[in-house]
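In what follows, a structure is listed as structure tokens, so that the remarks can point back to it.
Residue numbering begins at 1 within each chain, and the chains themselves are lettered A, B, C and D in the order written.
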């Protein structure tokens, strides 16, 4: 497929903004699922950076894209295990609110 | 300014707007199930961006794994737990403030850095795929240079799969 | 010639075997601790026999061990390009010069006697064997290390082993005492580390204001090294342009501060009486006899050995500090109502004399300080051993609750008197030889200060005889009438200690020959 | 023969080691027998050495290396001079007799073998002290005899008074010993050696210096510090307070250690270091004055004491003062002479007193009386000792004391002479007060009197020998013997004879004899067969405050207790208080501070991962921003 010369800065900016939104979500959301989702968002932002930098640098190549693939795979495994954990916890506690899972009440 | 615009760039900016809109929605929506839908939008948009920058294989993988599998998985998870769950209304506790400040300031710092950096122009003449199509080139790389990590990742997936099954399994009485 | 290395390794091996043997086999555990110490002691004796020959043969050609007769080298790790593109190798290098050999032998001896003094009902034997062997290994490593980093490693090992030992047995407040000990000596370690690395850095020109030449080397600055014999060699006559005086002065005070805390000098001493009061006697023997000698060792090895010019420059300060310690320790000991605290303050008073004698910086003073370390170690351990043996019978170490013990416990009382007389510096015991040499040294340099310090001689007689009078003299309390005196099996550590104390006191030249080698070396540094 | 002088101290040491190995279960006969035999052998060797020294003069020193100090070497060994040949003779003779006597006196004591161990150790230390060729070795055995004194005074450890007295004796002498030690150290640095000969050569030349003090001042300082040691050991004012308390020990100990030998070591020290003192007139004057004050003070105190041993103890202090004065005014030979005669008659007095105490089991003079009929031998020997002490011709004390009095007057010290004469009067009075109270008159406590009986031969034989010595020892240096002792002491170099000697002065002799007889007469008037038993009490009441002052020993004990012990304990309490409530409190405050901070920080540990990540994110932000600012952005 064709290659469209999109400015690098714009792509990175997209990644940065997505990352920060994901960060904000991960830090503030109270539903465990949404926290996981926000983490996925941050991973996605990182993926964009990987793909963009793939063609920059001293040795332009496909390394970045391959790394993005690995990230996607690991993210898939992570979300699967994470959701399984969530289900187990939900069965025990009947909640998916992170504040209700805090055991360190002082 | 307009002289620099080409078709791809226009598409990219539109896509960006969509992605960011979905992201903002994701943060602001209060019903969990809608959030999952917004996430699907983000994943789709990202896949399109990958296509735009010539990473077709990654884009397809994004479509299949993220937009296809993970979004659905998350929806299943929401349905299996309390699908009526609502995010509580935003209350500006110090943690909220700190998180927001951290996010915004980090974003500002990153953007300022990106902006103040002179990025080298993408070398248009270099063929990343070295004459092959992108999926073929990625495949060659995966199985030649990254064969061992690839196998390890497959192992990780298996372990993740089995682990997820064991964790999510309904416990019987005698197991406890 | 791996004697020094084996002296460190044997206790470590003994400790490992202790871990493997089940805890309930207390006899085996005690046997392991005894065996480890005996072998170490035999190695020390072997080194003692070989020592004169090794001195005559002279140190090896290796600058990292210059002037140390018995050396064993084992490379440990290399830090590539640490300083000006030079690799710095840290060795598991141990060497025995006069001071190191003596103190290592003392450590092995006291570890042996402490293991013999443990009462199974007081402390779990396995933990004691394990930690006491590790403490001995650490102390020996610190005493024999040729390398600043190895010294520090040994120091830390003994520090942590000491913590677990104090926490092992005693009264309920021992945990707090152990934590106090750990915090104080941890701080001391940090200060010592800072000072020693600062010196190594400074010798290599780290504080120099000179301009590097074309190759990036400072003119006249030796290569960076962490081995103290090499540092000593390099420092000898090193230009102040390379290592400025003000940097030396700051490092000296950091070192001195570390030593003051490490050695429990006033006003950083309160951990010592507390620890002794709340732990059990065998631990006190090790703690008072060996583990508190590392500070004085650092003073002689690194204070007098590496920064003699600074020590001489600030000698009056150090001497005043020493005198304060002598008098403060003695007066505080007089006021104590508990034997263990009294012994602790007495040892503080003794170590003050080490400070005073070292400050004098002449042959008599340095040799006196070294004798004092050995003598104080022996006698402190001796007194704690006896206090422990009596406490096991009377359930108390309070002066007011003892009395007339000579009748039911004639042997223990007799040894107690011997130990007390040694500690107050009676001639023909090691205490006297140490004090006379120290005072000969100090009167030469600081007559006025020494006059004041000599008051300590009177005070030591006052507090020790007062305590003895309250303990073994006087009418017998009826509740102690049926106490059983110690049998040979329990008493042999006291016999051994008496023999050693008398040997040093009657024929000091046996020890003096060995220590004299280090004294000569230190004097060459200063001169 | 002189080369075998090391046998003299070594024989008692061998006995000590032998008894130590035998332990506490050794039979009495073995313990006493071995000790007496060793001591007797020691005496015989001493006699041979004395003869050899008399003919050959000083020999030695024989040395071996003891310790290396830098480039200096310290040696140990022994030497024989005329002075210490005389000393070992006296010491070994008295020791033998006391060891024999103790077999009877200590019979039945459960720690009999231990007593003999200690005594043997003492005899060894005392002989080694005397034979020492250098100051350091002297100091070592100086302390060792102090240790033995401590052990023997506290021998009956279960008596609280004995325990206190033992401690007091050690600590008070320790004060003097510290001065001696300092003096020795200073002499070492000034002369470069501990050896007597080197030190005296340097002192004689006077051209020595320590940097901060030099010449004459240095000599005086060292001499005074050495004298401080002698003051402590010889119980001179102001450190005399330990000796009377030391009477808590068994009586043979008092006779041997606290009368004849150890307390005389101070006098011996001054005599041995006489060249040093001669080089400093100030030091000599101090010695003389201290001696005179002690002699008079102790004699005054002895007038009123009720305890028989304390009277004799103060008498010892007083007589030691005489010796010091003799040395101080320059009469070296007379001081040594009096040391010798005193050793005999004072040991005799103590042993006789011991015999009395053994018989009546009390030490209070006013519980005795009329014992002549029960203890005739003791009474006669005591009388010999008392006459010798009072200075009645021809007993030993007469010759030596008279020499000292004459020397004091002839060297131009009339004040000191007057003090001594007064002391001599008191001496005659108090010793005959004791004699009359104990042996004459009616028994004051008949039941005690009933049970009194003479000891066995082991106790009476030493009394007889000593009584003979107390009677004849004076002739060694009398005109009848041609002043033999002086000639013996100065035989090597008559032209360099040390100190002052003079021919007898008959009017002075008569005067002192008159004074002594007056004292005896007064004592007889008051205490001999008092027609009314109240006479002594009336006598005491007549003197009122003076009597009390004397009886309470001029309140010196109380003054010292207040000045030294309370002060010391006060400082100790203050130091302890500072230790607990200032230093340790500071430490605790620091600990509390850290603890409170950590308690505060505890609340930040909410357990919420999101809270932690927020902080982490802020941290990342700061780090990134800082890195960017440092780099000035990426260009």
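Throughout what follows, a residue touches a chain if its C-beta (ideal position, glycine included) is under 8 Å from a C-beta of that chain, and two chains touch if they have at least 3 such contacts.
Here the structure is a predicted model, which is why all the values come from computation and not from measurement.
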By mean Cα position, the chain sitting nearest the middle: C
Contact-richer chain pair (by C-beta pairs counted) among A-D and A-B: A-B
Between chain D and chain A, distance of the C-alpha-averaged centres to the nearest whole Å: 94
CA centroid of chain A to CA centroid of chain B, Å: 6
Inter-centroid spacing, chain D versus chain C (mean Cα positions, whole Å): 37
Interchain centroid distance [CA atoms averaged], chain B/chain C, Å: 64
Where chain C touches two or more other chains, by residue: none
Junction residues of chain B, two or more chains touched: 95, 99, 102-103, 106, 110, 117
Overlap residues in chain D, where contacts from two or more other chains coincide: 610, 614, 617
Complete list of chain pairs which touch one another: A-B, A-D, B-D, C-D
Contact footprint of chain B on chain A as seen in their complex: 1-14, 16-25, 27-31, 33-34, 36-38, 40-41, 44, 47-48, 51-52, 54-56, 60-63, 65-66, 68-70, 72-81, 83-88, 90-91, 94-97
Chain A partner contacts - residues on chain B that touch it in the complex: 6-9, 11-13, 16, 19-20, 23-24, 26-27, 32, 35-36, 39, 42-43, 46, 49-58, 61-62, 65-66, 69-70, 73-74, 76-78, 80-82, 85, 87-88, 95-96, 99-100, 102-104, 106-107, 110-111, 114-115, 117, 119-124, 126, 128-129, 134, 137-138, 141-142, 145-146, 149, 153, 156-157, 159-161, 163-168, 170
Residues of chain D touching chain B in the complex: 610-611, 614-615, 617-618, 620-621, 624-625, 628, 633-635
Interfacial residue positions of chain D with respect to chain C in the complex: 24, 65-72, 136, 139-141, 143-144, 147, 150, 154, 157-158, 160, 162-164, 166-167, 170-171, 174-175, 177-178, 181-182, 185-186, 188-189, 210, 212, 568-569, 571-573, 575-576, 579, 583-584, 587
Residues of chain C defined as touching chain D within the complex: 180, 266-267, 269-270, 328, 331-332, 334-336, 362-364, 367, 404, 406-407, 410, 421, 426-428, 432-433, 436-437, 439-440, 443-444, 447, 450-451, 454-455, 457-459, 461-462, 465-466, 468-469, 472-476, 507-509, 512-513, 516, 519-520, 523
